[in-house]
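Just so it is clear, A, B and C label the chains in written order, and each chain counts residues from 1 on its own.
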Amino acid sequence: MNEATNSKTTAQPAAQPTSVDEQLSPPTENTSQYKVKLEVFEGPLDLLLFLIKKEEVSIYDIPIARITEQYLVYLKAMQELDIGVAGEFLVMAATLIQIKSHMLLPRDPTIPEEELDDPRKELMYQLLEHQKFKAAANMLYQRATIEAGTFSRADLDADKINPEISATVYQLFEVFREVLNRKKAITEIEIAREEQTMAEKIVEIKTLLKQSKEVRARDVFERAHTRRECVVIFLAILELVKELAIRLQQSETFGDIVIVEREEPDSSQSEI
Amino acid sequence: MTIEELKPIIEALVFVSEEPIPIKQITSLLEGENIDDIKTACDELTQEFNARNSGLEMRLLAGGYRISTRPELNEYVRRYLKAQPTARLSLAALETLAVIAYKQPITIPEILEIRGKSSTSAIKTLLDRRLIVPRGHKPVVGRPMLYGTSKEFLIQFGLNDVSELPSLEDFEDLVTN
Amino acid sequence: MTIEELKPIIEALVFVSEEPIPIKQITSLLEGENIDDIKTACDELTQEFNARNSGLEMRLLAGGYRISTRPELNEYVRRYLKAQPTARLSLAALETLAVIAYKQPITIPEILEIRGKSSTSAIKTLLDRRLIVPRGHKPVVGRPMLYGTSKEFLIQFGLNDVSELPSLEDFEDLVTN
């Protein structure tokens, strides 16, 4: 699911630190609200925790058949509401079904009870861990809210003498990437400029005419990045006219000039 | 110098410093002074600031001292500065940050495993906001990048050190109750 | 509000204000409060600041209130400003440093080619801050000087080794998202 869409639910600053969990209220009958609430389940573990809470069951003893059924209902609702369902949700669905079928299998009577591995164990640990981090995220949220309420002194003249930025390794990397991109852009422009020969322009115009029967001369000129290129295009068109490869049409005075591939002479329209 | 003489100097230095100023830097600026005296002066100054009915507070943050306005007054200050509160982190970014804060240094696949979902855009946000930093490569196959929290993280979350974070086990009690 | 309640708010406002803040502006921010009370609070605050053995002072300056360091402490403040941490760099210097870090050892003409900009003053800054060091001469015509990053660079950026620098592949997923 797109994480950016989730930000709108937390984008509003709260006057008092509130719990991020409050957003995880059950969906209501109102469809648009339903959609917003569903978007909050940004991962399959969130949806599972919500269902466990809603069904008032214990993480330590999940009624897997019931929860799986509910999970699939929500998954279907999400798909119907056209919320992009990320692959993780489908993986979890498969896991749940697998656990469910595993639990339906008859037990091997030769294995003592305490050695039987509960197929739900791994999921239980994952959920507990996930819940701990959700609580930690909530703590961070509250801390950040309080901290954002403190302000440091205004800029001093001394700061302005030293208008520099501090950096981390990531900034160093980002800056390097930007330098490389900048260089690439410059190189591309230079290459383009050097290679604008008339022969290539002729090929380009012919290719355009293959794609569509008519091409507006204006469009061809607008492909030029420099004045020099405009001149080359102009020469290329003249050359093509001379070769009788194309025809230029103008249906009205000052109207658009249209380039047409020449098949046979046609005198019904004025030619330039 | 006596502690009473050191205090105003330290106060001025903390005020001027744009970032929280580490005690080590204060010490190097006050060369020749007794380090224990400097520490005592810092402690006393912090206490005095906070005991006073003041609009300001002095705190130890990200390993350094800082003077700032009190959070209770944020409404007035914001009104004056017409300060837009910085965009809040999304739930995804906060959860990812929590995982990184507690499990650092950690790789992206390890984060994915804990969160049960892809976290790349959250990680990009956290990197752009300088809350996390790359911490070299993990010496395993593929040498994946390790991530940890930054100094900016400590400042924005009001911590002197990551060890000040409540332990993850504390949340377990909260969760199971 | 009582005068005692007004004082911390005013103190916080004066503290964050870039220019001396006029009493008129304080009054308009505290709409509904008694103007005389605000004036009294400002006066008392100023007096308290100056009566205290503080490194800071509050003054009425150009028709507004301002908090600043005491002139007697100028020497220490100047000492601090001179010793600003070396990790703070201009964008030009940062770009040059990034190019050197990733392409080292590298000559000045090669840096110019990659950055597309003259980098001599940035290189001087980086040398002054000991973030880069000369690494001998390139065995070509003119024998230009080669540059590489220093040990100081590793310390500043929290790296063990330059091989720990994040690579393009490390962030490919993040960047494309």
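Following the convention adopted for this analysis, a contact is a pair of C-beta atoms (placed from the backbone, for glycine too) under 8 Å apart; a residue touches a chain by one contact, two chains touch by 3 or more.
Because the structure is predicted, anything quoted here is derived from the model rather than measured.
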**Report entry** Label of the chain whose CA centroid is most distant from the centroid of chain A
**Finding:** C
Query raised in the report: Using the mean of all protein Cα atoms as the middle point, what chain has its own Cα mean nearest that point?
Result: B
**Report entry** Whole-Å separation of chain centres (CA-atom averages), chain B against chain C
**Finding:** 17
Query raised in the report: With chain centres defined as C-alpha means, what is the inter-centre distance between chain A and chain B in Å?
Result: 31
Requested in this report: Would you kindly tell me how far, in whole Å, the mean C-alpha position of chain C lies from that of chain A?
Outcome: 35
Report task. Any chance you could list the residues of chain C touching two or more other chains? Result -> 12, 15-17, 67, 77, 81, 85, 158-159, 166, 170-171, 175
Report task. Could you list which residues of chain A touch at least two other chains? Result -> 151-153, 158, 166, 168-171, 173
Report summary line: Touching chain A in the complex, chain C uses residues 12, 15-18, 67, 77, 81, 84-85, 87-91, 93-95, 97-99, 101-102, 114-116, 157-159, 165-166, 168, 170-171, 175
Query - chain A residues within the chain B interface of the complex - result: 3-4, 6-7, 9-13, 15, 20, 23, 40, 42-45, 86, 88, 92, 126, 128-137, 139-141, 143-144, 146-153, 156, 158-159, 166, 168-171, 173
Report summary line: Residue positions on chain A within touch of chain C in the complex are 151-155, 158, 161-173, 175-180, 182-183, 186
Requested in this report: Flag every residue of chain C that touches chain B in the complex, lowest number first.
Outcome: 4, 7-13, 15-17, 25, 29-30, 53-56, 67, 69-70, 73, 76-77, 79-81, 83, 85, 158-160, 163-164, 166, 170-171, 173-175, 177
